[in-house]
Amino acid sequence: MYKQIGILTGGGDAPGLNAVIRSVVRTATGRFGMKCTGIEDSFEGILGETHTMSLTQKTVSGILPRGGTILGTRNRGSFVKMVDGKPVYPELPIGEALANLDILGIEALIVLGGEGTLAIAEQFHKRGFPVIGVPKTIDNDLAATELTFGFMTAIDIATEALDRLHTTAASHDRVMVLEVMGRNTGWIALHAGLAGSADIILIPEVPFDFDSVVAKVLERESKGSRFTNIVVAEGAMEVGKHEMYQDTSELRLGGIGEYVTREVARRTGKETRCVVLGHLQRGGSPNAFDRMLGTNFGACAVRALASGETGKMVALQAGTIVTVPLSEACTNLKTVPVDGQLVRSARDIGITFGSPKEVPKG
Amino acid sequence: MYKQIGILTGGGDAPGLNAVIRSVVRTATGRFGMKCTGIEDSFEGILGETHTMSLTQKTVSGILPRGGTILGTRNRGSFVKMVDGKPVYPELPIGEALANLDILGIEALIVLGGEGTLAIAEQFHKRGFPVIGVPKTIDNDLAATELTFGFMTAIDIATEALDRLHTTAASHDRVMVLEVMGRNTGWIALHAGLAGSADIILIPEVPFDFDSVVAKVLERESKGSRFTNIVVAEGAMEVGKHEMYQDTSELRLGGIGEYVTREVARRTGKETRCVVLGHLQRGGSPNAFDRMLGTNFGACAVRALASGETGKMVALQAGTIVTVPLSEACTNLKTVPVDGQLVRSARDIGITFGSPKEVPKG
Amino acid sequence: MYKQIGILTGGGDAPGLNAVIRSVVRTATGRFGMKCTGIEDSFEGILGETHTMSLTQKTVSGILPRGGTILGTRNRGSFVKMVDGKPVYPELPIGEALANLDILGIEALIVLGGEGTLAIAEQFHKRGFPVIGVPKTIDNDLAATELTFGFMTAIDIATEALDRLHTTAASHDRVMVLEVMGRNTGWIALHAGLAGSADIILIPEVPFDFDSVVAKVLERESKGSRFTNIVVAEGAMEVGKHEMYQDTSELRLGGIGEYVTREVARRTGKETRCVVLGHLQRGGSPNAFDRMLGTNFGACAVRALASGETGKMVALQAGTIVTVPLSEACTNLKTVPVDGQLVRSARDIGITFGSPKEVPKG
Amino acid sequence: MYKQIGILTGGGDAPGLNAVIRSVVRTATGRFGMKCTGIEDSFEGILGETHTMSLTQKTVSGILPRGGTILGTRNRGSFVKMVDGKPVYPELPIGEALANLDILGIEALIVLGGEGTLAIAEQFHKRGFPVIGVPKTIDNDLAATELTFGFMTAIDIATEALDRLHTTAASHDRVMVLEVMGRNTGWIALHAGLAGSADIILIPEVPFDFDSVVAKVLERESKGSRFTNIVVAEGAMEVGKHEMYQDTSELRLGGIGEYVTREVARRTGKETRCVVLGHLQRGGSPNAFDRMLGTNFGACAVRALASGETGKMVALQAGTIVTVPLSEACTNLKTVPVDGQLVRSARDIGITFGSPKEVPKG
């Protein structure tokens, strides 16, 4: 059994990080009698002058409902650098980090993060340092786990936004476009679209063309519904394009949401408005499910460490939390199955995905 | 393919009923070209003078976020009577109902309801009338399905209540007791307790004694936490008792929540307050997940009917909606596994279930 | 200018206390360069072994959205004792408190509290110690101020509860009774009833009889609305009674909400259900308005102190915060004007107050 | 007494329109025995082929919590045309409208709308047709009324957004910019900024310069707060500019929020992110206060008509609803007093308005 473990959080925000931290601390200290040390600002906290804080039951009191992470995730570029908007990984100063962990007396790590952060965690494991990962991706696009914390909260927020836009659209005969997160996958768009009564859902997995989108708007019009609600994942793609919509020009005309808005307005002549949810989906208090899931992840991660596991990630499979190899965790993307049940149900209730093959029939 | 199908809702309220109705109507009329008829007030609507309404895409427009059911569920006692608070099932006038369905031109039924309602639905199936059930139980206690709509919303509401009680408890050094639903199972209490930072969770599956409850309150006190939050499922049981706490006396001293409150106050001398959530958990707008699940259930139910299935219930298993025999649906109760992962995680973070065997160690 | 001021909170919980504390601290330290000391557990913190904490901008960081009070309000009975449920005020150890304030170097006090707490604050003023009060009453029943923080949040919560009960009532043909706070006045019941679509509102200011209540239920029934929503303030009174409904018997049959529920069920034969909001109205995060009002109160209180005022209370009048004598603050109750505009509007839209004179006409 | 009155809604969306409609209908039909007719799509509904609907207590049942307006506000250009983004008012076909009202038997009008809509309403009054206005401006910028419905809901939404951004900002050391409504006035920005813990608030009434904004960000940095939250009203103006920030170029680089974001990022080198709330502030369910206020406005408007008033607008003054001349209603803008109490309190707690004169001292 370890005497002291460390915990750190890396990458973008996701509601539920603090729930995991609290659960790790309570389980490690209360159940197993370990000391628990928080490493600040992701792996940066164990480089150079180290930055850590002692975590006790008192420290984590009251953080369960709070968004963000009490450990911070400021990235100073030692492990990851952003170059032209893409992450670049410098050679890792793992040796320095391991030496510092030794000085600090930290014998094992619990690492909360996405693909990039967990890939670094795996390096520690390969060097023989015990580590357990906890997956963090608000897009819910990791194949190894059915759900991650933050995703359900994001859907709640996107759905509430759709509710708000819906009444305005209906009262003012408008087309409303909501851009939600999802660079590689359409999970948030699909779930929120179903829950928030969207008419058109555009996701990366189903290339769309504007003829189909416009046909749906006009078909609704012809049936007496003078408004249309569109949800667009940020990674949605037009037929024939193979990269996310991006402003490579100087013009910075906004993202895919703005682009769809301009095109629909131009082609239908209807008043069309856009809202980009952006960071509203990532911050703030987690909903009940995400707090519960984060808590369960945290306790299971400590139990895994305590029972000698390492190089693993906790994951939800068939309703139960299991551990899977870290290597597996980071490689496979879980995309929306385009002929799957949920897409089929969406189409059955009259939602269009903008595919050229779809003939909308409301 | 049926020309006309009927839909009805039976039993208590659950957020998401209207989401299912909307999805059934849109799928049946839009995808399959069937007519769709709403039967009012559960099976009562096809007895005597029948009460039905034509359901079109227009009728169901805007009902997705609304609580309750547009079909009503007034029970006039023809199918179920309450005698001494327990349901009694008179001989079913199935023949009359079938004759009326014939007159109305309804060729198949989709039935939304709990155990009792689905048992009646099965009688129709046995008489050769096509029927597909959609499970409704806010307690989430049906073994055949992992989740039912309404459950997640109930947890959100209970968790928000705990958040509100928490700050008062902490500021005023109180014990707060929240009674939530769950006559036979502790799912709501367990999930909300984890999400809402409860210290003690009392559920039907783990008989509790007051010594353990009081020990936890005093242990927290001794560690400097002068407040305690308790969640009690309405079916929680004291060790040695074998029935739900009930006031059989004239005195009507309230339910288990009030009882626990009185006893804790008496035994600890601390100010102790009770809130009974009651109907606040059942009504109102469903959260995003429950709308999504209800929508998927509805579309899948119509597809099952359309593909010739009958005598089945839609159910969520391993993240996918499947159909299971109606008979199976109504027989098995899904209780909280007392040695399962979630209970274990709860204990690991210091939550006590009040079992005499538990030695609280915060 | 004072070098150091103290702040304390007394009495029951109200959303917004932390907003006031934060604002006082930021204004005192940032704007005026004073030191700011938090006194724990109301006046108890300056008796015996004193309990105080240094308050800096860092201490109050993040508390704006949080319910409760970081200063605590545990009452140990030195200033107020509850005897038979009524507050009794022992002779005040003001001398001891003043001596301790002197030792602590605290030169002036900002006191947040209701009638009782502010009455004590006035004693300090009379002994020559500078003090400014900030009114706290969730019932909004102080004549000297148009609004107090916490009231709007309470109305939001009660309205959301009514929304939830509404859909169940409508779907199940029920009478739903919601008991809300208001021992002396019906402000919360009136506002929430208007916002939450109540059919009957029972408040202390308008004595009700059950004949009128039942007449309204039956009249709605006769017009096709088979459900009724009732809001009851905890201090609502039957005609001819002159005290709040209370269980003086051993029986403890619950409060006025339960009583109204039993009587309506008995007299109408309709299924009638009760929810008592209780502490859910007092705790948790304040809404935007209450945070804003609390912040403004806090800054104005410090400015009042800094400009030499004492023996005053901040109060909202005609949209502006003014100061009024503390003595005035605690004496006059603001009740709902029974012939006022809001009651008249409520009656005009068909709401009944259960007065024998009212002939309901929905 | 009129036998039949009409009601219409004009202009942009605001939460609470349906609350007013419901109240008007219930008061007119229930209290005064008038018939009530809804005119669809603002004044368009009484031109050409008229579009109206009979409004009964049944029609308005359940609309209280719903956003938008059941009457629609599609503007077909007969009364107002948008030319280059500015409203242009064609010669009014008042004669035609009056003739149609006569044919429909409508003897008086209640008109819900903003400046433009109420100006048209006044034309009817001047031609001798009885009309009462109800003010609608989510920006709360009408001098004649203290508050309008929709404003409080907008503040709630903006504050919730700030809460969400806050945790991300704090965890990731970012500057977060939230653009809220307010073309002419900063009421929403000021209130939400106070309630949502903003550090910098930029409003039209206080011209800002980037030196002051940047100074505040750096000052916070130097004190250990590595993040900053900025709220910007859409009409905020830089010192020396005299028009709202607008992209007159082809480039469409977004509004003031995007502009501030780019400049702050450029000048501080900090990661800076922008969220534009846009239509999320206008749609969806009104909060409790706005429902209450809308209900009171509606009942008072009908009472005013019934008592013979015309050419008036209902308005909230000193907590009571009064009537003021329509002419007055539309002329005076209510701006934030730059030396007023609320701005002063904001500054006292360390909020900067970006004025060159301000020396931030957090």
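Here the chain labels run A, B, C and D in written order, and each chain numbers its own residues starting at 1.
Here is the rule we use: a contact is a pair of C-beta atoms (placed from the backbone, for glycine too) under 8 Å apart; a residue touches a chain by one contact, two chains touch by 3 or more.
Quick caveat: nothing in here was measured; it's all calculated off a predicted structure.
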item: Shortest contact path, subunit B to subunit C, counted in steps; value: 1
item: Label of the chain whose CA centroid is most distant from the centroid of subunit B; value: D
item: Approximate Å spacing (C-alpha centroids) for the pair subunit B, subunit D; value: 41
item: Approximate Å spacing (C-alpha centroids) for the pair subunit A, subunit D; value: 34
item: Centroid distance [mean C-alpha coordinates] between subunit D and subunit C, Å; value: 30
item: Shared interface positions of subunit B, touching two or more other chains; value: 160, 163, 170
item: Interchain contacts (touch definition) - all pairs; value: A-B, A-D, B-C, C-D
item: Parts of subunit A lying in touch with subunit D, wherever the complex brings them together; value: 12-13, 17, 66-69, 72-74, 157, 160-161, 163-173, 176, 226, 250-254, 273-280, 282-285
item: Contact footprint of subunit B on subunit A as seen in their complex; value: 22-23, 26-27, 30-31, 57-58, 61-62, 64-65, 146, 152, 155-156, 158-160, 163, 170, 191-192, 194-197, 224-225, 287-289, 291-292, 295-296, 298-300, 302-303, 318-321, 341-342, 344-345, 347-350, 361-362
